[in-house]
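Two complexes, one shared chain (chain A), two partners (chain B, chain C).
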Partner chain A sequence: MISARTLVARAAPWLACLGLLAVWQVGALALKNDSFPTALQALRAVPAIVSDKEAIINILASLRRMSIGFGAAVLVSIPLGLLMGRNRAVASFFNPLLMVVYPVPKAALMPIIMLWIGVGDLSKTLVIFLGVSLPVIYHSFEGARAVEEKMLWSGAAMGLSAAERMLRIVLPAALPEILTGCRTGLVLALITMVTSEMIARQSGAGNILFNALDMGEYEIVYAMIIIIGAMGICFDAMFELMRARLVRWSEPQFDIPLSFS
Partner chain B sequence: MIEIDHVSQTFQTSSRQDHLALSDISLKIEDRAFVSILGPSGCGKSTLLYIVGGFVNPTQGTARMKGKVIRGPGPDRGPVFQEFALFPWKSVLGNVMYGPRQQGVKHAEADAQSRALIEMVGLRGFEDFYPKELSGGMKQRVALARTLAYHPEVLLMDEPFGALDAHTRTRLQNDLLNIWERDRKTVLFVTHSVDEAVFLSDKVVMMTRSPGRIREIVDINLPRPRRRTDLLLDPRYQKYVVDIERMFDDTGEPGAPS
Partner chain C sequence: MNARTAIVDLLLGLVPLALLVALWQALVSFGYAPATLLPPPGLVFMRLAQQLVSLTFQHEIAATLFRLFAGFSIAVVFGVGIGLAAAASPPVNAVIRPLVRVLAPLPKVALYPALLLLLGFGHESKITLVAADALFPILLSTYYGASTVEQKLIWSALAAGTSPRAVLFKVVLPGAAPSILTGCRIGLVISCVVVFLAEMIASTDGLGHVLVTAARTFRAVDMFVPLIMISLLGLVLNGLLQGVRSYLLRGFPEV
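Up next, the complex of A and B:
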């Protein structure tokens, strides 16, 4: 038996979505602008897109680049961030570099990267990689820095070498913080995925969206926005489920729900 | 067992000034002795413990363990910190098993030994709890079991009961003595509480306020096993406590230990 309160808590995110769609619907009806279809018109265009083979191929190509970019970024950024958090020399070498790169919108690098390595998969994946790296590095760095010295001493007394302490104490102790960075990184991966395809049109979800915009097919534009938004929500919910399992030991007892999971 | 030989320790403060924390400390700690280091906060007593643990290198002098110069931490010296320093991602059992597993003890054996230790520190039934689900006193019991699990020859206890309420502290002192009576490991125990030092120790090393120097070493000749309720009525115990407190008062130590 689910209590009324949990029922409300479960339904809340869905109600929020419905509310947003309702506002959209009313707003579009009131504005009567050709370039702003109603929510229902946009939703009606969704099935046509997701049943179109060409569109599916495009979206899958986007997702492939996104997962490769995200995966590679996480694999590089976590060790780098952890090392920076525990080693002053590494931190003072990389910190200024990152400070320079941080405020640059990663998609703005796209034209330069395209000049170097073309408009293909590699340049788009590289932009995603750059977009994901910084939050993951930053959170891994903060997580590693916050690891209690005495915890490392306890490990050292048990005979753990410096490398073992890194892998078996710093990494798990910093994991909640690392995963917070990865979650931000996941959303940024989706954003940079779409923007990279806006600049280098060739294939992908962003390509469908911006081509439709050029052609004035506004239902498709908004339908793609709905699809990309839904993908974002799905990824985040899946990630959140995994995260919650991994760091159950660190969660406060009564947490505020932050996602659809 | 442990020889501290003319050890001094200087720290650089945040304003880039040298601060002398320990000045010329020489001390011998015998095998199977329970020795307390007693002093006001900021006297460097914890630093002295960290030097023996190998966590901090002395600026001058050497510390030796069984004749060998201490150059780093090792499983022969097991620390128990005021901050507990448990691994929060491991259960109680996982924490206690960590050391033995690291030493290459087989899983089944480490599991059995660790469960026995958890029972000994009075936490039977809490094996699968995570540290965040335990009270401070329980956490410190786990930390003690975790350190005992890898059989260090010396226990290095850094104000282990300093963060606990008075009642929990008394119970843990009693339990620590009971556990210690079983195998009488060498214990180096840092505290700022005169009662605690006299109750637990064979020897109390009194330190002066910064820079930390050894002021006096008091042998505590009270029979063992000790029971707190008996000791509180024992004039000899009372005299030790009063004498030590007077000595701190005489030197006008600001903020003499309570």
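Up next, the complex of A and C:
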């Protein structure tokens, strides 16, 4: 009985995928629009793209830029966020700057950055870095701020230095929140990746997508949407697995539905 | 004492902004960057002031704001509604949860070409994109907020004779309000970003379009103006939301 229930829980995301594709298929059949192929037609175009060598090189280049940008952003943002959360002066130093930068779409900086350092990998990676770092800083900041003072006091009383307290108390305590930020950052990295390649049409998955749109190859457009969407879902699922492992202790509280009976 | 620390904080916060502008000015005036690539800050802010009073630029801002608000309001209504429903009823939750699991990490910008083809180049496709992107943070934080409302409060309300429907609006919704408003804040920032991007990709008006036309004609000054404008819009909207928040949460101990 229990195994049947977990089986259903495991299968639910797949069922949701199938359901969405079915809705798409029915919608496309009902609309009969030339620029809106059915889900099956789009899915049939996927293998052609995945087996095309040039497309694979493009997509891998995108993924490389994304992982470098994401990795660098996480490495810089977590220490900064934690420091901001524990130190008032640092927080009030950086907060207004971050508030000003946050609503600026990072991919919109692309045209300006392109003028300075060209259309190559560096400018796109930089844009991804900027896009990822803000949510990670914000969530690390919130997480570090919410650490219980008593734990820090006891740590200090037991002779931990400030750096050790940061590493052994604040970092683990803020980890769930930090990982929430990283998850948002991951989705943002994908978004920024696609848009930066849309603006600097040179290589990458976004380039294929928007070139196909301009050429009117609608099946490729939708096939690319499926591929990019699948990438997003896979990354998220992988990250979720890792997160569940790292912060097993903080999990259950969200999964209890409210009862009204 | 409190006012003094607030002033110190404010001054401390102005330092990096001032440093940024100073660095910018220094780069230009010491000749590290040619003025065609990096116009001096004075020129950019002058141009911004000049543009702000011009009617065409005001039209662009109005177009952007309209799309932003329309998309954001749709996202708030659906996000809070679906989030509450999922927290309150297990069957709804069973349907919504896997759908959210699949749709939330999907990069919505990749859907934009499809939206363009289906809804056209007008307001509709942009508003839909903004709503789709702002929906999930609001939905998730509503759901989390509503499911962490203390069960004892609900039981006591039920014991006092409140109907389950009334409990939803009188206990759960206010209890989830802080979390919902945090989600709205994230959703608002995302709306700012997305509306700009959508206008950059395909539009005939709006701030994003201003940036793209400036980039195509290599007018660096005009490229900075819409960027600063969207940053200002974000700040103002964030401030407004903060005001709404402190009004709505006036009974809460810690805001």
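Keep this in mind: the second predicted complex is superposed on the first by the 250 of 261 C-alpha atoms of A that agree within 3 Å, B and C clash if a C-alpha of one lies under 4 Å from a C-alpha of the other, contacts with A are read in each partner's own complex, and residues count from 1 in each chain.
Criterion: a contact is a pair of C-beta atoms (placed from the backbone, for glycine too) under 8 Å apart; a residue touches a chain by one contact, two chains touch by 3 or more.
It should be emphasised that the depicted structure is a prediction, and the values quoted were computed from it without experimental measurement.
Asker: For A:Ser92, decide between first (touching chain B), second (touching chain C), both and neither.
Answerer: A:Ser92: touches chain C, not chain B.
Asker: Kindly classify A:Ile191 by the partners it touches after superposition: chain B alone (first), chain C alone (second), both, or neither?
Answerer: Once the two structures are laid over each other on A, A:Ile191 reaches chain C alone.
Asker: After lining up the shared chain so the two structures overlap, which partner does A:Pro79 touch, if you call chain B first and chain C second: first, second, both or neither?
Answerer: neither
Asker: Please indicate which partner A:Gly159 is in contact with in the superposed arrangement: first for chain B, second for chain C, both, or neither.
Answerer: In the superposition, A:Gly159 contacts chain B only.
Asker: Check whether A:Pro172 is in contact with chain B, with chain C, with both or with neither, and answer first, second, both or neither.
Answerer: first
Asker: Is the number of chain A residues in contact higher for chain B or for chain C?
Answerer: With both complexes superposed on chain A, more residues of chain A are touched by C.
Asker: Using the touch rule from the top, collect the residues of chain B that touch chain A in their complex.
Answerer: Going through chain B, the ones touching chain A are 50, 53-55, 72-75, 77-79, 81, 83, 85-90, 98-99, 102-103, 130-132, 146-147, 150, 152.
Asker: Within their complex, state which residues of chain C touch chain A.
Answerer: 8-10, 12-17, 20, 33, 37-38, 87-88, 90, 93-94, 97-99, 101-111, 113-114, 116-118, 137, 144, 146-149, 151, 154, 158, 164, 167, 172, 189, 192-194, 196-197, 200-201, 208, 211-212, 215, 218, 220, 223-224, 226-227, 230-231, 233-235, 237-238
Asker: Taking the touch rule as given, give the residues of chain A at its contact with chain C in the complex, in rising order.
Answerer: Residue list for chain A touching chain C: 12-13, 15-17, 19-20, 33, 35-36, 88-89, 92-97, 99-109, 111-112, 115-116, 184, 186-187, 190-191, 194-195, 198-199, 206, 209-210, 213, 218, 221-222, 224-225, 228-229, 232-233, 235-236, 253-254, 256-260.
Asker: What residues on chain A touch chain B, complex-wise?
Answerer: Listed in rising order, the residues are 148, 150-151, 153-154, 156-160, 169, 172-173, 175, 247-250.
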